[in-house]
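Handing you this structure, nothing more for now.
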Amino acid sequence: MELTSRTVVTIVAESALESRLVADLSAAGVPGYTVTPAHGAGVRGQREGDIQGGNIRIETVLPHDTALGILAMLQDKYFSHYACVAWLSQASVVRGEHF
Amino acid sequence: METTSVVELAIANLLSPPVLAFALGLLAVAVKSDLRLPEPVYQAISIYLLLGIGIKGGVALRDSSLQEIWLPIAVTLLLGVLIPLGAYVISWWFTRLDAINRGALAAHYGSTSLVTFTAALVFIESSGQFAEGYLVTLLAILEVPGIIVGLLLASRARKGGIAWGESLQEVLSGKSIVLLVGGLAIGVASGSAGFASIEPFFGGLFTGVLTLFLLELGIVAGRRLPDVKRTGWGLVAFGTLFPLLAGFAGVAGGLFAGLSVGGAALLGVLSASSSYIAAPTAVRLALPEASPGIYLTASLGITFPFNLIAGIPLYYWYAETLGGLIGWN
Amino acid sequence: METTSVVELAIANLLSPPVLAFALGLLAVAVKSDLRLPEPVYQAISIYLLLGIGIKGGVALRDSSLQEIWLPIAVTLLLGVLIPLGAYVISWWFTRLDAINRGALAAHYGSTSLVTFTAALVFIESSGQFAEGYLVTLLAILEVPGIIVGLLLASRARKGGIAWGESLQEVLSGKSIVLLVGGLAIGVASGSAGFASIEPFFGGLFTGVLTLFLLELGIVAGRRLPDVKRTGWGLVAFGTLFPLLAGFAGVAGGLFAGLSVGGAALLGVLSASSSYIAAPTAVRLALPEASPGIYLTASLGITFPFNLIAGIPLYYWYAETLGGLIGWN
Amino acid sequence: METTSVVELAIANLLSPPVLAFALGLLAVAVKSDLRLPEPVYQAISIYLLLGIGIKGGVALRDSSLQEIWLPIAVTLLLGVLIPLGAYVISWWFTRLDAINRGALAAHYGSTSLVTFTAALVFIESSGQFAEGYLVTLLAILEVPGIIVGLLLASRARKGGIAWGESLQEVLSGKSIVLLVGGLAIGVASGSAGFASIEPFFGGLFTGVLTLFLLELGIVAGRRLPDVKRTGWGLVAFGTLFPLLAGFAGVAGGLFAGLSVGGAALLGVLSASSSYIAAPTAVRLALPEASPGIYLTASLGITFPFNLIAGIPLYYWYAETLGGLIGWN
Amino acid sequence: MELTSRTVVTIVAESALESRLVADLSAAGVPGYTVTPAHGAGVRGQREGDIQGGNIRIETVLPHDTALGILAMLQDKYFSHYACVAWLSQASVVRGEHF
Amino acid sequence: MELTSRTVVTIVAESALESRLVADLSAAGVPGYTVTPAHGAGVRGQREGDIQGGNIRIETVLPHDTALGILAMLQDKYFSHYACVAWLSQASVVRGEHF
């Protein structure tokens, strides 16, 4: 089986941001994304509050260059004011054309 | 009810199951209980309350003439502009916060709280008083302008301003507005015959469901209480004194517009209450620099319990006294 | 109701809270609202509706003799085979889809929709008409054969065929069948004395809960509307004309089997409605090549709203007119 | 009801919708259905039941004098200590389990099951019998001591003992205690006038909601059944015979304390039932070596169905017979 | 602490597939798996629809060989017709015998 | 963009443990964590049961040393008696000071 290397971007953010984040990810050309509900705490601990549904965890598997573009976009628009963190990791996929 | 004193009113309110359930929620946090109403059920109940109150308001609205309601609507719009302006200015006296955080507060206090209104409705009904059915229309009308004024005030201090298109879209298509306005339309269209078939669900259960909902809101408010200490007494003073003022403005405006004592009391409640569904979302997205630790704490941790426990009977007392003075009722 | 025209029936239906709530759901999507009923609550409500309708049907079934119901059951089984065959053939005229996609459509239109049936029941009851209680038995009976016939038709075109054991197990033990059949059994066993204790929950609340459910289904259907444009007018024609035909077959069969006008109208609704709980799951797993963009769009985006808004009063009108012709009622 | 035989009582109980729904849940597992009540709805219903039963108990408690209830409370506390001790010893005869696992069993059987109590309440009410309102107070009282005694018994065998502070905090602030005690307080404070406003929700719907809840508990118990085979007949014997004994102790104690026949039957149910909300959580955290495959299987897979199906009418029969012997009623 | 290297297979699929996927994973010999509810969008965007409960995300930590076997199984039975994606990544565990 | 290397600890455990685990993680100095609801099966298959709400999946991104400390803590207090598994993987972040 032929495996292709890809990058996974994992973003955790307050759930009010979901639709904006998804729109920005699509604009940045992600081939797909997966969202799971989440909650948590971080350094900032600043969230819209218990009442509005916690966090979301977004995961998207894509080429490394697009991943870096997304990090730049996040740093530009989200990291400074919103409760939002992100990290990159490595993955291998079959069907590289799908990601 | 006219002969009962304000203290008796306040006690009747305090001993009602919804308010006691709220207190139980506060207590559950105090004893570190892990009790929570699951999030999806919380969401479903808020849909139920919004739609149900909208439909009931619509059924009542059907019997109102335009002539009867244009003045209350005009007064409500005026309150929707004046109250956030007042909150912006007065919060400065108490808290010395920057313009963005005061704009955020203005958006919350300019808008209104469904649950406080609902609890007040239950209070009015259970004490056998009358209130105009179209008050729900005023609730829907008061939801939005305060948020816009608040964001406007904050945007002047914000470089980059505000993405107005996005923000307005989010507020106007948010579930509060869609369900209240949609419910009103359903009520108007289906009338009391149509309502009869759904009355056991949207009518009979209402106070019971509200009791469950307030249990959860007590928990949510209780979790905010540590923040209250952190934000300081200025915010506590603002969060209790400003509603007293805004409530008075609402009651006076209501009586001026020709509302009954019960109706004016409810407009007072609408004016005095601060939003924690529509406004927080709008503010969070449009004014990310504003601290939720301030506006949510004030709205949910201070003003909401204050109104629920003391404010509702007080605004009713305003209305009764003022109504008596001007020879009403 | 015999003297009211079909237009009056249609208007009464349109202005009922459940149908208006469905319209509100469509509207919410149109204004890009993020309103959704949370998934777990949606699931719980569908359990409530299935079980409740099963129990009520069982209580009614208790009073029916086998002699009275064997013919309606036989007719229902026949409809359960003929309707999917018809859908398979007729969809070819309108859409030119391949055999697998038409088999998928056949499975959906051969089976039936609980919520459409429920809305029709509310319509019949609220207009003071009678319908045999064992119609719910027919609902349970009609659920399954259509799916099997549809899969059979598709499997002929599919290399590898279908994993029948797995598919049948999934359909027969799916929640629709378990709750309907189980509810029928509970109703039969506990009777009206037992039902009295749960009537406030499963009876009184029914229309109100249905209203909330249809709000969500309006949202779901609204999200399918863009797909309707994409799939083309052939599917729209099929999705509205085929129910008219199948509904007629159901009404005629019902009257032939000796059902009352209300009962025949309900069998018409069962025949005309298409599944969106049991069938989609079965088809998705057994016929992965079939496009959900086609069968779900037809079933949920076209036929469901059509039946809810126009079909229900129409099938009732069928039954009344045809019943009058053959001297019934 | 005095003249009806125990068999008639048992049949009436078996044919009630809640018990039939439980059976349907068992059946759903047997046919490998994927039917489940969504977890958040399950949680919300258990909050509803606990709070509702608490409030109703509180309304009733208001009319009771301390003089009337001190003896029943004392007897309940005694049962709360003796039953877990009995379970610890007697489970040894049947199962030869180690001290930690028997301590876990003791904690479960010493505590009590809300749903069994609720089903018994519905049984008593639907057969027109009287039971003292303060039984709910006894339910709340019986929740805790059994757990503590069970953990104590196990801790002697456990090196490192038990983190008592943490465990007590978790039990006392768990949702069972907070909602029962809080509900009692709400009921006492708001009285029957306050309760009237929430009666449609917490009163009228009660049996219906319980029916839905028991459907899910049937599924949960059904999934435990394979474990029953694995754990062996000793546990089955313990899980059915011990409740017969504990139920007798509860009935006798109740009659001694001056309770009515209905009240003594309910105290029998409380004694015979075993916990599956408060105790499992406490035991899981404090005694991780104890096997949930044993204590949950016994409590939920054996004793709960046994009590629901056979135990409730039996304990009632105990009370009636014993009450007759001592000239009560 | 001694760490052992393992592979993580992450699968995202429409939730109607859960019981079949779990059965196939068990047959392929996974030592365990974790499922979280999810939703998302991908290249295909073909899902059973909003009504039936979105996607699931399955994660299983296992030896590399088993991971490759699972990918092959997925390619054989799921990738072509169902909304289903998967990727591999690296992990380290203590208690290697557990995975 | 400057990327810093971090370790991700993923823990899956029965949900009754959530508050205890979070307290222990905080005590171990994690800079933040994210919790998602989950269910699953493992080698042990011993869980508190269907009735009490399944598993949770906790993810925390942190320096490698802290990660090892957390594994040690888990091994000491959780692995032997509770249904609890954990694994480490590699990640890169911008804003290293945040993690």
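Going by the order they are written in, the chains are A, B, C, D, E and F; count residues from 1 in each one.
To be clear about the criterion, a contact is a pair of C-beta atoms (placed from the backbone, for glycine too) under 8 Å apart; a residue touches a chain by one contact, two chains touch by 3 or more.
The model shown is predicted, which means the values in this text are computed figures rather than measured ones.
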item: Chain-contact steps, minimal, separating chain F from chain D; value: 1
item: Number of hops, chain B to chain C, where each hop joins two touching chains; value: 1
item: Co-neighbours of chain E and chain A - touch as defined; value: F
item: Centroid-based (C-alpha) most distant chain relative to chain D; value: A
item: Identity of the chain that, by mean CA position, is farthest from chain C; value: F
item: Gap in Å, rounded to a whole number, between the CA centres of chain E and chain C; value: 36
item: Computed distance of Cα centres, chain F from chain C, in Å; value: 47
item: Distance between chain centroids, defined by C-alpha means - chain D, chain E (Å); value: 41
item: Numbers and ranges of chain A residues touching at least 2 other chains; value: 36-37, 89-90
item: For chain B, residues that touch 2 or more chains besides their own; value: 34, 38-41, 43, 200, 204-205
item: Interchain contacts (touch definition) - all pairs; value: A-B, A-E, A-F, B-C, B-D, C-D, C-E, D-F, E-F
item: Contacting residues of chain B [partner chain D, same complex]; value: 15-17, 20-21, 24, 27-28, 31-35, 37-41, 122, 126, 200, 204-205, 207-209, 211-212, 215
item: Chain E to chain A touching residues, read off their complex; value: 10, 12, 36-43, 55, 57, 68, 71-72, 75, 79, 85-90
item: Of chain A, residues touching chain E in the complex; value: 1, 3, 6, 8, 22, 31-37, 59, 61, 89-95, 98-99
item: Chain F-touching residues of chain D, taken from the complex the two chains share; value: 39, 43, 220, 223-224, 276-277, 280-281, 284-285, 288-289, 291-293, 296, 300
item: Chain B contact footprint on chain A (complex, rising order); value: 14, 16-17, 20, 46-54, 81-82
